[in-house]
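As written, the chain order gives the labels A, B, C and D, with residue 1 at the start of each chain.
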Amino acid sequence: MTSLTDTEFIVHTIAQTVVDNEKYFGDLDSVVGDGDFGFSLARGFEIVLHDWDEFDRSTVATFLQKVGVTITSRIGGTSGPIWGTAFLRAAAIAKARGDDLGGADLVAMLRSAIEGIMARGNASLGDKTLLDALAPMTDAIEVGVTNGDDGASIVAAAASSARTAAEATSTLIAKRGRASYTGERSIGSPDAGAIAVAVLAEALAAQWPSKNNSN
Amino acid sequence: MTSLTDTEFIVHTIAQTVVDNEKYFGDLDSVVGDGDFGFSLARGFEIVLHDWDEFDRSTVATFLQKVGVTITSRIGGTSGPIWGTAFLRAAAIAKARGDDLGGADLVAMLRSAIEGIMARGNASLGDKTLLDALAPMTDAIEVGVTNGDDGASIVAAAASSARTAAEATSTLIAKRGRASYTGERSIGSPDAGAIAVAVLAEALAAQWPSKNNSN
Amino acid sequence: MKKFVNDPQQFVPEMLKGLALANPDTLRYVPEYNLIMRSSGPRDDKVSIIQGSGSGHEPAHVMAVGPGMLDAACPGDVFAAPPMDYVYETTKLLNSEKGVLLLVNNYTGDRMAFDMAQEMSLADGVNVKTLFIDDDVAVKDSTWTVGRRGVAGNFFVIKAVGAASEAGADLDELMRIGEKVVSVTRSMGLALTACTPPAKGSPLFELGDDEIEIGVGIHGEPGRRRAKIVPANELVDILLEPIVADLPYASGDRVALMVNGLGGTPISELYLVYGIAHEKLAAQGITVARSYVGEYCTSLDMAGASITLVKLDDEIEELLAAPAEIGTRIF
Amino acid sequence: MKKFVNDPQQFVPEMLKGLALANPDTLRYVPEYNLIMRSSGPRDDKVSIIQGSGSGHEPAHVMAVGPGMLDAACPGDVFAAPPMDYVYETTKLLNSEKGVLLLVNNYTGDRMAFDMAQEMSLADGVNVKTLFIDDDVAVKDSTWTVGRRGVAGNFFVIKAVGAASEAGADLDELMRIGEKVVSVTRSMGLALTACTPPAKGSPLFELGDDEIEIGVGIHGEPGRRRAKIVPANELVDILLEPIVADLPYASGDRVALMVNGLGGTPISELYLVYGIAHEKLAAQGITVARSYVGEYCTSLDMAGASITLVKLDDEIEELLAAPAEIGTRIF
C-alpha cells in the first residue's frame, strides 16, 4: 500500500462515479442551470478511464498532473477549468512534498485545490458552488487527521460532512455560475457541483474497505 | 310570408349557425384535414351577417347572388369556391323561375347547387365530401314535396336524413380534398363538410316554428 | 396556445405588416387583398410571377418576393387558399405586357381559386398562365385523383422562373422552364410534432412522445402513417429512399439537395440531416452540386423536416445560381 | 425526445460535418478541435476573428464564419464552453501577423477557457486580444458579479469587427469598434417553451400550458421570472421596455432592431413581433434604420424570441451595411 495506490484508488473511484452519475448530475444542473454538468464531467473522466493505463506514474505528482491536463483539455463548460485546476493544484503540492504522502499532505492538496478553484472561478465560500461542499469536507478530514483517526473513519466523516454541506447549499442564493442569473429562484435547490462532491465522497467512503482489491 | 322571407330565414340561419359553430367545424376538419374549415366559413358568413341589410333584395335571385358573391370573394380554401358556387347556382335557378318559389323550385335549386359543387370540385357522390349529406337531404326534401307534406315536416325530414348521411361518411375513404392524402386513415371519422350540412339542416328544422319572428 | 399573436384573425395581416415594415424600400403590403408585392410594381419588360397559397408556410411565399424571385405573393389565411377575388385583384395589379405567371401548389382549394381568377383575368384581357407544382412523393396513389401536393419543391420553381423572367424570358418559355423543374423535383417530409394554427389554439393532431408522422404535407394534416422515432440515419432513409426511387435519381446525376425545416426544428438538426443525406446520395453515385439547408416552406411551428431533390441540367443549375434578393435575409 | 439525432454525443460533430459538406468551397471542419474555419485559412493582412461558445445556438457561431464575419468558430458541446485546449489550438491555427481577436460571450465557463487559451497563446507569441460581449439586460443585478450575459447582440459585434477587419483595421482598432458596439447593444428574451438538449433527452424545465419564462438566456436555463402568456403586443412591451430604459435609447436615436427566434418559433411570429416593436419604437421617436428578423442566436428548439437594439452612428451603420457571406444562406 503506497500513496500512489491510494491516489489511483481515489481518482479511479471519482472517475467511475462521475461516469455512472452522468444523468443524475445533469438533472441537478437542470434545475436552475443548463443541464450539461453531468455530460461535461462524464466526457472528461471517461477519457481518464480510457487512458488509465497510459498515465505516467513515476510519482503521485506526475500522475495527478496527467489527470489534470486530460480534464482541462477535454472537459468544456465551467467544469473543465474548475476541476482541471483542482487536480493540477493537488499535483503541485504532491510534487513539493515527495511521494510519501500522509493525511496532512492530503489536506494541503485539498486546500490548494480549493484556493485554485476560488482563483479560477473568482468565487468565495457561500456563493453556492462546489466549494461549499469541498471546504467543509476538507475541514472534516483535517480534524480526523489531527485526531489520528484511521483512514476509514476519516473518509466516512468526509462523506458525511460533504453531504450535509451540499444539502445545505439549498438555502443559498447562487452568486457564481449560470445559476446566479436566476437570482432568488436559485434558492430551494442544492448546487449541482456541491452534490457531486458529496456523491464522490460517499462513493470513496463506501469503497474504502475494498480499496486494496480495486483497479 | 313570401319566398324572399323564407330565403332570408334560411340564409340567416345558415350564416348564424356557421358563425356559432366555428370551433366545432374546425375541430372536425382537424381529424384528417387541416383545421381551417370552421375559420374559413365563419369569416365569410360573418360578413354576410354584417352586410345583411345592404344586400339587394329586389328578387330572391339578386339576394342569393349577392350572398354567393360575398362568400366566393371572402372565403378562402376549398370552401369559398364550393359554397359560393352553391349559392350562385341556386340564384341562377331562382332567377329562371321567378319570385314565387315553391318546394319543387327549392329542390331544383339544391340539385343545381349539387351539380355546381361536383363540377367545381371534380367530386362525385361517395367521395366523402359535403355532397354526401347534401344529396340525400335533397332527396328527402323531394319526397316530402312530392307527398305534399307541410314545411315543418319537410325540413325535419331533411335534417334527419342529412344527419344520418353525414354520420355515414365515417365509413368512406376520402377521395377529394385534403383528407384524401391520408388515404385509408380517413376512414373512421365523418367528413367535416357533411357534418356541417347536417348541423345547418338541424338548425333550420329547430328554428322553423319561429321563423316568422326571425331576422 | 403559446404564441406571439394578438387576435388570431389578425395573425396574417399583422405578420405581413411586419414584413413590409422590415423591408420599407423593397416590399409593399396591400391590405385590401392581403398581398405583398415589390414596391417597384410590375414591369412591362418582364413577366410578373405570383405565387399564392394558404399562410403558415413562411418564408413561403410572402417572404420570397424580390428580384430574381416573385413579383408578388397572395396568401390566404392560415392553411386556406386565398379567396378567388384576392387572386383576381392581385393578377390585375401585377398585370404586365409580357404577361402574368401564377404558380400554384396543387391543392383543391388553391386550384379552384386560381382557376377562377385566371378565367376572370383572361376575360379582362390579361395574358395569364398557371403552373401547378406537385413534388410530394408521399401522396402515392393516383386513384386519389386530386394528385400530388406541392410542398417545399416550389422554391426551385420560383427560383428558376424568377431568374429566367429577370433575363427576359416570355410566358411560354417560363411555363416550359417551370414544368421542367417540376418534372425533376421530388420531396417528402415527416413530422416530429403537430402544429398549432393560431385560430385553433391547439395542435392539429396528437403524437405520442415517441411517435412521428411520415409523409406529412405542409398543412398540419396527418401523414400517410405513424411510426416510432428512430435515429437520424434511419429518418433520412425514410425520406430519401422514396424520393430517389420515384423519379428515379440515379448514379451519375447531379442534384440540388434541400433539407427544409417545417418550422420548429432547429437548424443544427437540419445540418445534421443534410450531412447524412449528402453522404447517402454520394454513396449511390449521386453528386450534390447545390445545397439548401434551412426553412423554405414550413407548417407553422411543426417540428420536422422535408427533403427535396432536383435533378440538375446546365439550364436549371444556371438559373438556380443566378442572383436573387428577398425580404428574409440575414444581413 | 424526438429529434434528428443519432448518438447524442456525436450531435455537434455530425452537425459540423453537415455544415462543411453543404459549404465545400468555403468552410473547413477540423474534427480534432471541433472547429469550423474558412477553407482559405488565416490571412496575414487581416486580423483573424474567432468566436467560441457552447453549441446549441446555431446559426451562432459556426454558421457565422465567412468573408465579412468570422474567420473561425470554436464551439464546445451543447451549452458547454469549448475546452481550453481547443480554443488554444484554434488560436494557433488562425494565427495571423495582424493578430487574433477572440470574441467571447460573457459566461464563467467561456471566460475561463478563453482567458487560459489567451495566456497560453500570448506565451507562444501570438498577438491575441479578447473582447467580451454582455448585452442581456435581463441580468439586472450587479451584485451577481458575474455580470451580464452575452446573447443575440453578439451578431452585431461579429458583423462590425468582421467588416472592419476585411477593410484592414488592426487589432486595437477592432477592439475599439467591438467595445463601442457592445456599449450600445442591449437584448432581452423570453421563452414560451423549454428546450431539450440531445444528451439530456427531456426539457430543461417545465412550463405550464399558459406560462412563459421572462428574461431567459440562450442556454435553456430558467429566466428571471415566470408569467402568464399575454397577447403579442404585451410580450413586446415586456421585452422592449427594459431594453429601451437601460441604455437608454431615446427620441431621435437611429437603431438597428433585431427580432431573434430562439429556435422553435416560426418566422411568421417573428415578423409579427417585428412589426409591433418597430411601431412602438417609432411612437417614441426612435427610428429603426436597419432590421433583422430571423434566427441569429438560438437555444436549441426553444420557442421564444429576443429583441436586440443597437444604437447606430455613421461608423456602426456603415459596418453593418458592408457585404458579408456565411454558411447559412437562402440561395
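In the analysis below, contacts are C-beta pairs under 8 Å (C-beta built on N, C-alpha and C of every residue); 3 or more make two chains touch, one makes a residue touch a chain.
Nothing here was measured: the structure is a model prediction, and the numbers come from that model.
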Touching chain B and also chain C, the following chains: none
Approximate Å spacing (C-alpha centroids) for the pair chain A, chain D: 33
Distance between chain centroids, defined by C-alpha means - chain C, chain D (Å): 29
Intercentroid distance (Cα basis), chain C paired with chain A, Å: 55
Residues of chain B whose C-beta touches two or more other chains: none
Residues of chain C whose C-beta touches two or more other chains: none
Chain-level touch network, classified as line, ring, star, complete or other: line
Touching pairs - complete list by chain label: A-D, B-C, C-D
Contacting residues of chain B [partner chain C, same complex]: 26-27, 30-36, 39-40, 43, 72-82, 84, 120-122, 174-183, 185
Chain D to chain A touching residues, read off their complex: 9, 54, 76-86, 107-109, 112-113, 116, 138-139, 141, 143-146, 149, 197, 199-200, 204-205, 217, 219-225
Chain C residues within the chain D interface of the complex: 1-7, 11, 14-19, 21-23, 55-56, 58-59, 63, 159, 192-193, 209-212, 229, 231-233, 235, 263-276, 278-279, 288, 291-295, 298, 300-301, 303, 305, 320, 323-324, 326, 328-331
